[in-house]
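Have a look at the structure that comes next, please.
The letters A, B and C name the chains in turn, as written, and every chain counts its residues from 1.
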Amino acid sequence: MGQVAWKALFLSLFDYKTEKYVIAKNKKVGVLYRVVQLSILAYLVGWVFVVKKGYQDTDTSLQSSVITKLKGVAFTNTSELGERIWDVADYVIPPQGESVFFVMTNLIVTPNQRQATCPESANIPDALCDKDMDCLEGEAVVAGNGVKTGRCLKDKGSTRGTCEILAWCPVEKRSKPKKPLLGSAENFTVYIKNSIRFPKFKFSKMNVLATDNESYLKTCRYSQEHPYCPIFVLGNIVRWAGANFQEMASEGGVIGIQIEWNCDLDKAPSECNPHYSFSRLDNKSAENSISSGYNFRFAKYYRDAEGVDYRTLIKAYGIRFDVMVNGKAGKFNIIPTIINISSGLALMGAGAFFCDLVLLYLIKKSNFYRGKKYEEVKSSSRKSLSSPTLNGNQSPEQLSRL
Amino acid sequence: MGQVAWKALFLSLFDYKTEKYVIAKNKKVGVLYRVVQLSILAYLVGWVFVVKKGYQDTDTSLQSSVITKLKGVAFTNTSELGERIWDVADYVIPPQGESVFFVMTNLIVTPNQRQATCPESANIPDALCDKDMDCLEGEAVVAGNGVKTGRCLKDKGSTRGTCEILAWCPVEKRSKPKKPLLGSAENFTVYIKNSIRFPKFKFSKMNVLATDNESYLKTCRYSQEHPYCPIFVLGNIVRWAGANFQEMASEGGVIGIQIEWNCDLDKAPSECNPHYSFSRLDNKSAENSISSGYNFRFAKYYRDAEGVDYRTLIKAYGIRFDVMVNGKAGKFNIIPTIINISSGLALMGAGAFFCDLVLLYLIKKSNFYRGKKYEEVKSSSRKSLSSPTLNGNQSPEQLSRL
Amino acid sequence: MGQVAWKALFLSLFDYKTEKYVIAKNKKVGVLYRVVQLSILAYLVGWVFVVKKGYQDTDTSLQSSVITKLKGVAFTNTSELGERIWDVADYVIPPQGESVFFVMTNLIVTPNQRQATCPESANIPDALCDKDMDCLEGEAVVAGNGVKTGRCLKDKGSTRGTCEILAWCPVEKRSKPKKPLLGSAENFTVYIKNSIRFPKFKFSKMNVLATDNESYLKTCRYSQEHPYCPIFVLGNIVRWAGANFQEMASEGGVIGIQIEWNCDLDKAPSECNPHYSFSRLDNKSAENSISSGYNFRFAKYYRDAEGVDYRTLIKAYGIRFDVMVNGKAGKFNIIPTIINISSGLALMGAGAFFCDLVLLYLIKKSNFYRGKKYEEVKSSSRKSLSSPTLNGNQSPEQLSRL
């Protein structure tokens, strides 16, 4: 190519090319197209942008730290333990005040257990025996408390007995108070301190309002009137989760305390507030005892004057509270905005395509419009060079347009 | 339709339809359009693809396991406890070395508490009394340590006293050493072992470099010079979090150790390394005592020769460290690539639309170009069939084009 | 503008504008375009919609609550401890049954430690000494157990000794049983109760099937035949994680139990089931002792008749199990559907652009088609008003079309 041609090429780079449109003076299709356009616009603005905040980049992986602190004392008077006061150090396990904490509300105490031999609990099928040979020496009792010594212990006159075992003796007796020992735990309060951080946006906040005065924080209780008070009454939490406190206190259970942070960081930080909700996490409805309730065993170890270890075994029933924090923060970002706008524009194209179909195939004069929209060119027909072939009757060929 | 028509339809399926363009030899709009195109291209390539890695599928839900291990001993000499050594088993709670661990740095010890009656602490407003009737029997002291017995205990000669309570007696005295008992915890070290896994990409890694020799791991300390050493000096962590160790050790507090894994899995696995950052999680700045600091109570239970339980109550102040792991892994994936490219293409369409507006309404000869771009067809005007109506003066009708 | 003009403008709003197309009767490009269209359609339907479920909105931030409960007893007979039974309260740390639990399988017991002075362990380099001056009084032994008193203790006749320290004495002797003490922990079982919730879709489920009868849940063991049984044998878990139980029990280690919920909420809730997988989290392969295995120290505190504290220090080796729950739920949502469809449509545009390039530059008659597609207009050439300039020879100018 010569220099002139190159120059022409370069100049033509800055010619503006614009699509050629055919104006179909058909009001029906015109109105239809406007309606489609408006619908798409309404969807884009109303749903995608206003409701779903499609112009925001979101961060759902928040970092969270939870500190919990319980307050309350309970008084019990049982034949076994006598008059006794239970305070925080007694009933909160573990004591550290993390996001998962357990309040002991009922317990089976088996005091003074020592390593010795004793009969296994008669409730365990594997421990029942008729003769010594049923108790294979050294074999662990299935779902039991110890290892068989090889002897079958029977009460006088009875034919059935239980195997003797080597275990922490005496073994736990399997019955717990029907009425929860620490039923008054209903009035205990828990102070939940939650600080969160959205790493993507470098935004931090606490659930304890900075502006509150100290006395408010000491006396307030969370409720619908005080949605930002971080102190909760245990009984209320359980009730809001749809459970019965006394029943749960007796059998044990798990309550989830969900803290949800749904923050629009395009607004002021003060509008980013926690929302609390409560739910029961263990399936109470299930009939099968194996999956309902919540309990665990732990022991306090002592040593007597002779240096021999003994322990108090405690089977603790109670309510475990799991503080679960989740959140979502959104902030304006150009990329999702552009993706959503351009998906809207592409939708406009789909709308135009749909109206085209109506114009070209469904209305009376569609043949005429097809001829106008499509300009047929054949390289062989020299005469079509000077004036485009425009005819209103080419239906089969046009039907195939996708 | 006859067979011929069907054949024609089938053949026309493979006719190629291409949009008809009008070349407007207007250099201003042409240049504008090229500038818009280049801007969009630059945005797409530079921002979306290079900076934001829009061609990658990302996984932010990582699985993480943290093992922590503290080392260090502290010596204290107080009138109460005498000369005493504190080692890991004494000051780390809980001992298991999980991702949340607490280092006890200050404590109020109340030894030899027994279940008995004693006067409530005079600091608790609800326990103050003038006469026995102020102490309702069986009522728990609000924010106190026990249940009132119904007696008001007064010092000789004074008119005000405190209610007698049934509690673990004697009750805790409310004062803690100003100077933290275990201030030397500043030199303790913690070894943090973190292994992560991105389930979507089946990618696992540890923060302990596999190639390091043993002696390096035993002697190194994390710092800017050793960014991949997993052993941290507690004092440094606190300092990097912007806090004062001795002050925090006295009042307690929570420090977050963030481990961030930002992995580009299109690169070598060795380039996927943790980044540590440190921040204080409890709001130290707050004036209100209820929300600053960190402490909890726990007890050690003993049994005397007569089989009566007594305990040592410990109110522990200290620093809780929360190791929080979060991460993001990205790997090339065709779907986000295509979404981003096609959103860019749709943007080009928006750019063309914008240039169209300029061409058709803002330049001098816009009337002329409008006439060229839009070809008006009316099914009633038979004569327009042979040659399209092209006139350069139809402004009001064209203004309405969206 | 007059009233007439405004009316015309308003009416023209409802004119329908449609792009003008040129039909190129070129079968090669036509077939190419259809192939491109079909490919895009296949990709969109097959990959984006069927495989990747691009029509769904997904939620990956699930809330999860885990309850674990161990069962099993072990019998040991060592010279140190005598015949002894280990039950759940002895070997599970912490006892609460949270998502992270530790099963003690090997231990070094150092009984009757008291605050006193004694020689430091000879294995610690910093404690070795020749003379008293090597033991700086008040200095803590690096990686040791106490604070130097300033004396160097030597055995009779030897020239090297170890510093005397103030510590919990006697210090721990550094050797553990080669054979794990509680090797029979291999047969212990753990019952894992996991309840999850996808907050975005308000969908909750448990891993314990509601329909199962009680006896099944008491006797089943998780395996490939029983993929929904929530009771796991520890030995199996370790084996599935690719590790050797006895070896791990001796040195300690961490096993991850991943529970994955991959739920298609467009289907029935009963099709949303957990999938379990197991992996070893500490890097066993590493040669360096500092980063392999898992152990920690804790103490049981006692008080003798004189009121002096003493303790039993236990260095516990064992297997920590981390139950990690992650999940993804998808549900039909119009927004991702539209984004994916419109990105597909935009791709169609890219396909058309590609075919245009072929038509206009790569085939024989491309010059002719270029002339047809692009209609050149110049505002200066008055005569072009009546009939568009259509010539088949304008190559350099058209080459520049992007």
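Following the convention adopted for this analysis, a contact is a pair of C-beta atoms (placed from the backbone, for glycine too) under 8 Å apart; a residue touches a chain by one contact, two chains touch by 3 or more.
For clarity, every value in this text was computed on a predicted model and none was experimentally measured.
Would you kindly give the rotation angle relating chain A to chain B, two copies of one sequence, based on a CA superposition and rounded to a multiple of 5 degrees?
120
Chain C and chain A are one sequence twice: same or different residues at the contact, by the over-half rule?
On the two sides of the chain C and chain A interface, the residue numbers are mostly different, under half being shared.
So the centre of each chain is just the mean of its C-alpha atoms; given that, what is the distance between chain A and chain C in Å?
16
Two-or-more-chain contact residues of chain C, please, as numbers and ranges.
Within chain C, the residues that touch at least two other chains are 11, 13, 15, 17, 19-26, 60-61, 94, 302, 305, 339, 342-343, 345-346, 349, 369, 372, 374-375, 387, 397.
Taking the complex as given, what residues does chain B use to touch chain C?
11, 13-26, 37, 60-61, 63-65, 67, 69, 71-75, 82-85, 87-90, 94-98, 112, 184, 187, 191, 193, 195, 197, 199, 204, 206, 208, 210, 212-214, 217-218, 300, 302, 305, 334-335, 338-339, 341-343, 345-346, 349, 365, 368-369, 371-372, 374-375, 387, 390, 392, 396-401
Which residues of chain B touch chain A once you look at their complex with the stated criterion?
Per the stated touch rule, the residues are 1, 5-6, 8-13, 15, 17, 19-27, 29-34, 47-48, 52, 54, 60-61, 93-94, 100, 102, 115, 138, 140-141, 143-147, 166-168, 254, 256, 258, 260, 279, 281-283, 286-291, 294, 296-299, 301-303, 305, 307, 311, 313, 320, 322, 324, 326, 328, 339-340, 342-347, 349-350, 352, 355-356, 359, 369, 372-379, 385-387, 397, 402.
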